[in-house]
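The structures come next, written out as structure tokens.
Two complexes come next, and they have one chain in common, subunit A, joined by subunit B in the first and subunit C in the second.
Let's look at the complex of A and B:
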């Protein structure tokens, strides 16, 4: 078994883990990030939800129930985390727009409005009302995008179909990285003689260069162009993840990809190492402190058994909302399923309540009472708590 | 106003079987079904084409009917039946006396059996509990009830039979004490159709008394709810039964890529108010897990229940009531046909139509036992290899359903319901339970201008709510994880409106 030593090991490559890891690596610490696989960010719209319960996200946070972990951080920390994020994304050429004072609307693939806080620049021109005049472009055979859903809600929208010769989200996005393809697409658009005020495309404008591609089309067509997020695989979500990952690496962070943590080594009140598997072989990774950012159920940080819920890495105590009967409401659309409250309860230092070890810090969607979907506490919450947990970890190490 | 000879209320296996039989004997008829075909017990059943073994001890008459029909259906409905064979397994502690009675009854009835050692049984079904004492092999099969109904209706349609799905019979039209027609409400438009006929057959299963009650009649029935769970793996290639008197969770049936385990049996009052409880799911899993231990850690993708109308007898435990069927002549032009099983639907239809023929004073013998079901030739057109070749057009990744298949069903049936596509293609039947493909199927329906976009969003909502009812009681482990993903897609990424 190989043994490697770090200052901090972050478990999980989601928005929370990458934010925490970057902050710690930025302080000159030797940080490794161990992850089983891709985070939920890759499935997401790429938009950063902070709290969607109010027009003003900060007000929304203030109104959250007492037990909500957002109350463990100050508004200064929230502001700091989001400002850092916007700076990073600008540096990585995927700028975001929006502020903490006001939520924005982004049109969804079925024509509803999704409330969010920060959006990639490629969605900046997303309509804010149902009567804007929009020309939607879709692609032959693209099975996850049906403009008709949108047109049913936006009366002044119509659509045209472009044949990209490939029909998957990823395939089309890859083609957009090719200059000749982009030029051909632009000429085709020019020939459409569009009279609408804006042009909408499903979010396939390139793998990494979306902002530049969007700007080029917009300037040639002389009107705003925006992306509509699609169901997974989602390009804007992937761009967000790639940028955060590359940025973490640029700060000196190391990533162990495809290494699920399967065991821990403890000594008294400390965790000394975690064991992660790579191609079936165990590897021991030693560190002075650990950040647990394994997400909720989708991420893999929580696992429901028939009658209880467990945290598989450290076996931390989990807040289980009720008996199984109460995990899901009868009404699917109530967004009020008890299961949303499951997770790890932490104190103001982001240590798990009832945890016998001093050097584990927990952040992101794994936290109890987050109710990410219900409250719209997505990436914005993950980066904030990632930030706060990293600070607490830093304090501990000093 | 519509005129026909025979009106059939209910498009379950019984109603569809009657329609086919009438069609083959040249009698005009009309089937009225409030949901889709197989919407009742038929679509909620285990899909076991009984060998009769299950009833050999408790109800030899029914067992014999099952065995005879088993042989007939394997012949005429080849494309609906998978001749898996079945095992009755005896676990430590299960009564040896019952084993003796089982073998003796099967022999008397004529059901072929073969006693095999546990080693041999484990060779046949490697996932079996290695502790079984022995197994008895019987000719049980797996049968697809949706396909069975559709193919029976095909014959009806070929002979100009009428049918209305999503039409609910709300009134029986009477004249001088005789039933002469029905009023049926179209669920989509609210329009009321008047359909007249000479004979009315009430084949409404668990709803029998709601229909009979419209003309002041009752049929002495007990309603028994049974629940089933579906796993995402085909854990066995044979039907597995527990060798003991009928009890909860003692049958496992493989079906395409999944398997079904059940059932429970609880008396209910209202066939429209049936909910599954987590404890029922837990019971089925742990009982099935006694026969196939893997059941305890396999993903359960859905649970559902159906209601059996059982003819009332003096015995108290509803499982002991005869599964034999009865045809009740209400002496007013209406007949109710109740009881029986999916396995015996054809026989039930034959007896019913014999009565109708003699009421009409016509003579033409039943042909349903000899003639293969119409339309089976076409079904071979979708082998897996063909579907895989069209991979990029696959819209349901779990069950490999292509866009073309979906378009074909929409064209053929003009349906406006995703459910209809599901019953005909298996779209949405796999592990994600329609989480991804329903959004696509509805998008296609809108592209084909079958639905307005408002309607497709509304259908999507209804579908998700319906789907949730089936999965809610079985959410833990990977299925819960998948469900949270699907929920985030619809309520987060697609921002579907929430209910207050």
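Let's look at the complex of A and C:
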């Protein structure tokens, strides 16, 4: 068994785990992040939802039910977490725009409006009403983007199609990193003699240089250009993940990929190590404290069995809403499935209620009563609780 | 294979380097779990495009549901290999070990022929790409090395692999000296190609015959109290994962349990307070290109952890790009365009860091990246050797 000693091990590479890990590594601690796979952020629009229940996210949070874990953190902490995030993204050349006082609208790949708080700069000019004059550009063969749906919902929009010679989101994004491709695209746009006020493109403007590419097109075409997030594979989600990951590493953090934690070693009131299954030796990593950020059902942090829901890593007590009949709403697309309440209940120190160990801190979508879909508590919630759990962990270690 | 665990999230697709640049390849989700539904009756044959998968395993590392698309595709590639005659390039690369033995025996001549126009023409006719020079054979391979002296702390059997043996035995010697300087006894057991090139070229039977011989040889050393260390990340992946997995070699579990990446081994001994290497400063700025197969080993990046202990060394980790060569994959004419585009991207990420040289554990990554960038590319062991200031 290979044994390595860290100060903190974070389990899960989602927005919550990466935020917590970065804060701890930034304090000079020796932090390792272990993850089974890539997080839900890669599937997301890249926009940061804080609370989409109200025009003002902070007001929305105040109105959330009493048991919602957002009430465990102060508004100062929320502000701090989001400000830190914006700073990081600026440093990583993927600046975000927006404020905690007001939510904004972003148009989706099917022309609906999504309410969110912070958006990548490449979506800053997304229309705020249905009558804005917009020229949409799509790409030959691209399947994850639906311009005809969009123009059926916007009153003054039309679309043209560009042949990029590849037809996948990733493929087109990779081409945009090439200067000659970008120039050819810009010339084509210039020849369209666009009269609309804004130009929209699916979110394929490069793998990591999106902001610069967007600005270059905008300055040449002399009008705002914005990205519309596609259904997954989603470039803005991947850019968000990559930036957070690279930033964590720049603080000295270490990442173990393909490391699904399957076992733990305990001693009294402490967890001493986590182990991962490998076809070679079982691998074990020691630490003084652990942050559990394995997400909800999609991330793999919660697992539903016939009549119960389990947390597979530490076997922490899971809050299970009612009987199985109450888990699902009749309407498949409802945001109100009871199962959205399932998860780990924590106290103000972000330790799980009823947990027999003192050195585990829990954050992100795995928390009970989050109801991410219903309340629009996405990345913003994950980074806030990640930040708060890390602070609590830091206090414990000192 | 857990293809039915797939939730169709497309995270694997986002991570597939080949899918990004080659429109002919439908990507890990479609070639893996999706197509497997149709193949699982055993009757339906597999499509040609399974050969376009480079087996970089990035899809597997990214999948949040443990589906292992690359493993599903690897099995499809073996099925393809059984159903179709092997091309010249596939045969050559599967048998690379025997060819290399011949090549190193006649090194000066073999190298000269490979570098000539005619040599290149022959390569091209055989379906082999020539955009970077073929690696040079070394006359004095590692396996001709003498036995080493006894040391106290631990004893290891070194699985050096073909690349080090035939092309860069100097790196192998440095690794031996590093271990010896840390008071570790090193022996060079009888060994053959790990089998990965044969597997990657659809020749499971040949791969298994190499593997069985290696397992027998290494087992003897393990029984005598040796740990096995390997340096090539692809050999390591094969020893630890494929011997037990697709190859089903009896006794493979013992090998997996007792084999370590050389840097992982050093870190382990440091953690156990058995050794205390004295790293001296190294004034270099490096970009550490993480080989796909190191990532796939699921052991973290042990050499990076060691390099962090070296004073003054600046080392940026880059693990998002595949170099494109993937062992013999990029040497095949049909994959040349893919390999070049991926290599170009990896190089541009490296150049952005402002590093003066590249470091990578894998010989074929180094060949590709230094060939395309004109930069020097080191094995991490070379940097560690420099830092330890070993005097021979």
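Throughout what follows, the second predicted complex is superposed on the first by the 392 of 398 C-alpha atoms of A that agree within 3 Å, B and C clash if a C-alpha of one lies under 4 Å from a C-alpha of the other, contacts with A are read in each partner's own complex, and residues count from 1 in each chain.
Quick note on the criterion: contacts are C-beta pairs under 8 Å (C-beta built on N, C-alpha and C of every residue); 3 or more make two chains touch, one makes a residue touch a chain.
From a predicted model like this one, the values you see are computed outputs, not experimental measurements.
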Could you classify subunit B and subunit C on subunit A, in the superposed arrangement, as clash or fit? fit
If we overlay the two complexes on their shared chain A, which of subunit B and subunit C does A:305 touch? Say first, second, both or neither. first
Looking at the overlay, does A:113 come into contact with subunit B only (first), subunit C only (second), both, or neither? first
Could you say whether A:149 touches subunit B, subunit C, both of them, or neither, answering first, second, both or neither? first
Output check: A:192 vs subunit B and subunit C. Expected answer is one of first, second, both, neither. What do you get? neither
Thinking of the overlay built on chain A, is A:397 touched by subunit B (first), by subunit C (second), by both, or by neither? neither
By the touch definition at the top of the document, which applies to A:256: first (subunit B), second (subunit C), both, or neither? second
Compare subunit B and subunit C by how many residues of subunit A each one touches, and report the one with more. B
Between the C-alpha centres of subunit B and subunit C, what angle is found at the C-alpha centre of subunit A, to the nearest 10 degrees? 90
Touch check for A:232: first (subunit B), second (subunit C), both, or neither? both
Which of the two partners, first being subunit B and second being subunit C, lies in contact with A:42: first, second, both, or neither? second
So, A:167: does it touch subunit B (first), subunit C (second), both, or neither? both
Can you report the least C-alpha distance between subunit B and subunit C in the superposed arrangement, rounded to whole Å? 5
Where on subunit A do subunit B and subunit C both make contact? 43, 167-168, 232, 298, 300
Can you check the complex and tell me which residues of subunit A touch subunit C? 2-5, 32, 36-39, 42-43, 165-168, 170-171, 174, 177, 232-233, 238, 242, 249, 254-260, 276, 278-281, 283, 298-300
In the complex, go through subunit B and note every residue touching subunit A. 277-278, 282, 392-393, 395, 403, 436, 439-440, 442-444, 446-447, 452-454, 456-457, 460-461, 464-465, 467-468, 472, 475-477, 480-481, 484-485, 487-489, 491-499
Interfacial residue positions of subunit C with respect to subunit A in the complex: 7, 9-11, 13-15, 19-21, 23, 27, 60-66, 240-241, 244-245, 256-260, 264, 267-268, 271-272, 295-301, 304-305, 317, 319-320, 345, 348
Touching subunit B in the complex: which residues of subunit A? 40, 43-45, 108-115, 141, 143-144, 146, 148-149, 151-153, 167-168, 229-232, 234, 296-298, 300, 303-306, 324-325, 327-328, 330-335, 337, 339, 373, 378
